[in-house]
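All chains are identified by letter, namely A, B, C, D and E, in their written order; residue positions are counted from 1 within each chain.
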Amino acid sequence: MEIGSGINSMDLDLHEGHVIEDLKNSAASALPEPSRWLDEEIERNIITTTVDKLLNWGRKTSLWTETSFTACCTFEFISTSSSRFDIARFGMEVLRSSPRHADLMITAGTLTWKMAPQIKRVYEQMAEPKWVIAMGACGISGGIFADSYAVVPGYNRILPVDVYIPGCPPRPEALLAGIELLRKKIEKRSIAKGN
Amino acid sequence: MVELLLLPASIRSELPFGYWLHLLIFGLGIITLLLTSVIIFIWLERRLVGRFQLRHGPNRAGPFGLLQSVADVIKILTKEDIIPSRADKLVFWMAPVIAFTPVVLMLGVVPVADGALLADLNIGILFVVAISSVTSLGVFMAGWSSYNKYSLLSAMRTVAQLVSYEMPLILSMVGVVILTGSLSLNEMVKAQSIPFILLQPAGFFIFFTASLAEINRTPFDLLEADSELVAGYNIEYSGMKFATFYLTEYCEAIVLSTLTATLFLGGWQGPWLPPMIWLLLKIGLVFCVIVWIRATLPRLRIDQVMNFAWKFLLPLAILNLLLTSLSVIFWPTAPAWASGLINLSMLAVFILVYSKFFKPGGKTVAV
Amino acid sequence: MLSEFSLIALFILIVLGFATSLVLIPVALRKLGIVPSQPSAVKSEPYECGLETTGPTWIQFKIRYYFYALLLISLDITVVFLYPWAVELTSLGPAGLITIFIFLGILAVGYLYAWRKGALEWK
Amino acid sequence: MAVKTEPLFLNLGPVHPSTHGVFRMRALVDGEVITDIEPVFGYLHRGIEKLAESKSYRQFLPLTDRLDYVSSMNNNMAYVMAVEKLAGIEVPQRAEYIRVIMAELQRIIAHLLAIGSFFNDMGTFFTPFFYMFIQKEKITDLFEMVCGQRLLYNYMRFGGVSHDLPPEFIPALTRFLDEMPAEIKKYERLLAENEIVLARSKNVGVLTREMAVNASAAGPVLRASGVDWDIRKVDPYSIYDRFDFDVPTGANGDCYDRYRVRVEELTQSLNIIRQAVNGLPKGKVLNPVPLRFRPPAGEVYSHIEGNKGELGFHVISDGSDKPYRIHVRAPSFINLTALKNMLIGWKLADAIIIFGSIDICLGEVDR
Amino acid sequence: MTVQLEYNRIVEALPQNLASSVIAIEDHGLIIQPERLTDIAAFLKVEPGMELDYLCSITGVDCINYFEIDYLLYSIKLNHRCTLKVRLADKSEPAVPSLAGLWLGAELQEREIFDLLGINFSGHPDMKRIFLWEGFPGHPLRKDYGHGC
């Protein structure tokens, strides 16, 4: 396909291939755990605690999800947001397709190396503060596909993951529990720590 | 606060600094009321959509989930502000302001009770018409300046869609003006001993449909068609600038509900309750209908949207205008039911004729 | 009446100020450290489904969209004349009716011409 | 009028709300009209066919669940049937009936999802989608009763199924069978004759009969183009020759027909389940095969009518306990062959629903 | 019931110049010379009594000594099927004529085989990788690729 200005789709393929190979080479091991700050003791004063409380309440109550669903777990996510489990109760039914508006990335499904640059890019383009839930075995470690030549063994190779939810796929109840954990984690944020 | 708002416009001349007091009360009153109602209406919409989809909707934040929108505001206020490096920065910054301002301005000429409005312009409705099209400029600026292909497409759709529906919107209001004989919105409300929706059902139909398109609600929500354009014109906006657009959208919905209530549903008029409560109730009713439509209907395609505006609504609006003016001149004593019936039958006949030419589907374009 | 217009003019200023402050509050909050800011090169690039954007975005776009804007300009201005007429219709009587029918007739000719020429079809 | 315009290069996907996962299309658009398109695959390529070669026959079974993850039962069934054919394993009668019940329930789930997401692509705000999900959840509960999983069941075994039906299953299933026809009727009333649905999907994305056959389309896509080809009828497998059902076909091969065919197949599936429940014999449900199971060397191609079309497993054995090669004839993948021809010349909004009406599952496309 | 076409019948029906390119008749298919694949397929597609107008599935197999490609053909009208097989002894640069000109349905499946097995289909309109990315080393479905990553 001719794209114009002298580029055709083969050029794009080659370029994207390079991006994938570069990422694959740089993501040989998992990223460091992002949650070390959870245990840190910090000095707080009355203003920061009040502001923190308000901000954290706002942030945990209104988690908008980015629609970046890759595979099977998507259906359990949709089940969770559908009428029976109704994630909207927590104000989370707002699905934003643009990463600029989203707070939470639920990585529902297997990640392949071909998809990894895109997911990484979407994550990087999300506005701060942002969180990642690795949903399902594939999201944690590659799961049943961990041996495959094309599968990234876990999202934590390319993204800092906040909460892991095991299961293949996790039940909606498990997903809700995971979201509850994330909300607890958000409560521990403080502007005094610069986040 | 409410009592102050209901003070007759004459306080201006009676009190010292009455003029400034009036500006302050109404200026701030409109903004506060609008923002509060946006927060409540967003909650209302989410709850209602929830009920339409047989689920609960937000119910955890505060009583009945009422604080959900407050949480959204807090979160979005403290979200990172991203300025795309390749965007046209000045336009990018200005767009939300330009989109938001005119929407609020429109409320300046809407009465909340007899004579209680910010400025009783003798050209009130013309002011509304003039100012309402500015929002589309802001939206276009946002879409274009973001340097994003989806938002560009959305911006282009703005040019075509929002502009096209101006025509039927304006024409449908002429019928109301003929019946009232004034351009002031306050006079229009006072003229409605019988709500104009009963005298001008066709006019109401045109006005309501066109305003759905103006506020880009389903089935005309092409500007931010999630399934096609990812998020639409505001795709690159984050934080408060995005929130401003979000706010604009809901303000527009509320303002057009207000206009519908004022022009066709008798505005603040109503027995027993205070006028302002009546107006709010009517606004709420219209807004609920908008939400109902949103939860029910799919989206039209761009050519269908255009055809609907230019080939259906526009001729219908002109026909409505002619018929109304004829009946005002030649049968001024017509009882209300008769003129309403004439208007309604015209609508029915027009729809029947149009449906003969209506071909579902589409065709490819040779490339 | 002028005071009414001055009220509107002042109201425009108030609303403009409010809208500008909406956009500027986060800037102030960022200085206070409440709004996070971690800019990066990738973050400020346009979002295109997770891919780098290829080819220019600001191109010569299809004219079709602007067509309607042109049509609107030709028709919309004339429609505004209907408002003063509508206010005075009852006092003008049948004579006013005939004038406006001629006026609308001219308008209709232009509209039908545009229709016949296919300006209303989306191609 | 010759005004020079440039085409806009647009990436639709892989992170896009309506590409049903991670599908990607590179599109050149001229305004709204798509002038050229190139589908890009592989964003969910997990190498299932390669993994099969390093797993034993039994270990491969869970991987088939994850092919088309909304029709795990059918995938299980196709695979175990292929291996049974290869090794000549007998299946007890009761197990055959249970398999048919499960496969048809799964078909209902898959079609409900296809219909729901089709309307989502058309722009309804999730309402039909969630209505479909309410029914889907009922079936999920049934599946959970028999195997404990909600999505990826891994229920079938070589020589039968893993567990017998629990005693509460048949009453629950009967209740579902009684409720479902009324629900389908309700959806029909809401959706089938909606003017916007007709306007958006009739004559849109026409796939002619010749093109459908030539492009190896299968399943509802093929049948909507007027080809009466359903593996359950033309090459009855398992015990489908004992049931009485119709094969609905379309006339035009447009999006609307594809949607209609799916809706009518819902009723047919219910029919089959009802007959299977009535004829369900007693007895054992599994003829166990040895743990280290070695089918004889040879090759076999076995196919079933999957939810998206002909689902075939080409299994080649070299006599060891691991399959030498397993190839999946993936209907979702092959149905996409004609995509390019179906999309060029249509508008962006059409492209989304044409793509949606093909109904693919990325897990199966990329494998 | 979709009947299996008897391969002897096919061979008899083939014209002389095509019949000579049939290498062998096996249980699972008709093994033919790769060079004549397009001609035989085109003949079977339209020949009355055969009318194999539906290309169901293409499977590529690495059989250690050679590559084998199986084409499964159906006749929608007559409801029968047959399998054509070609074997490619040249493992370094395997190539076979493409059927994409006859059946659109071959297009993606041939690309898949090119990607995963490295068999080139000459005459294919867009022969490039489909599932894996440009720059991916090797072809995973080959037996010498090894397992896993």
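Structure notes:
The rule is simple: a residue touches a chain if its C-beta (ideal position, glycine included) is under 8 Å from a C-beta of that chain, and two chains touch if they have at least 3 such contacts.
In this text the structure is predicted, and so the values were computed from the model without any measurement.
Least step count on the touch graph, chain C to chain D: 1. Minimum number of contact steps separating chain A from chain B: 1. Chains touching both chain B and chain E: A, D. Using mean Cα coordinates as chain centres, the one most removed from chain C is E. In this assembly, the C-alpha centroid of chain A lies 43 Å from the C-alpha centroid of chain E. Chain A and chain C have Cα centroids separated by 38 Å. If you average the CA atoms of chain B and of chain C, the two centres end up 14 Å from each other. Shared contact sites, meaning residues of chain A that touch two or more other chains, fall at 3-4, 12, 16, 55, 68, 82-84, 97-98, 100, 114, 118-119, 122, 125, 128-129, 147-151. Residue positions 34, 36-38, 43, 45, 47-51, 53-57, 61-62, 64-65, 122 of chain C each touch two or more of the other chains. Each of residues 6, 8-10, 14-17, 30-32, 36, 42, 45, 47, 50, 54, 130, 134, 366 in chain D touches at least two other chains. Working note: touching chain pairs come out as A-B, A-C, A-D, A-E, B-C, B-D, C-D, D-E.
Partner chain B is touched in their complex by these residues of chain A: 54-55, 57-59, 61-62, 82-84, 86, 88-91, 93, 96-98, 100-101, 103, 125, 127-129.
Considering their complex, residues 46, 50, 53-61, 65, 67-68, 70-76, 78-82, 226, 230-231, 234-239, 242 of chain B touch chain A.
Those residues of chain A lying in contact with chain E across their complex are 10, 13-14, 16-18, 20-21, 113-114, 147-151. By the touch rule above, chain E contacts chain D in their complex via residues 1-2, 28, 53-57, 59-62, 70, 72, 76, 79, 83, 103-109, 112, 116, 129-133, 140-141, 145, 147-148. The touching residues of chain C, when paired with chain B in their complex, are 1, 3-5, 7-8, 10-12, 14-16, 18-20, 22-23, 25-27, 29-30, 34-39, 41, 43-49, 53, 57-58, 61-62, 64-69, 71-72, 75-76, 79-80, 82-83, 86-90, 93-94, 97, 100-101, 104, 108, 111, 115, 120-123.
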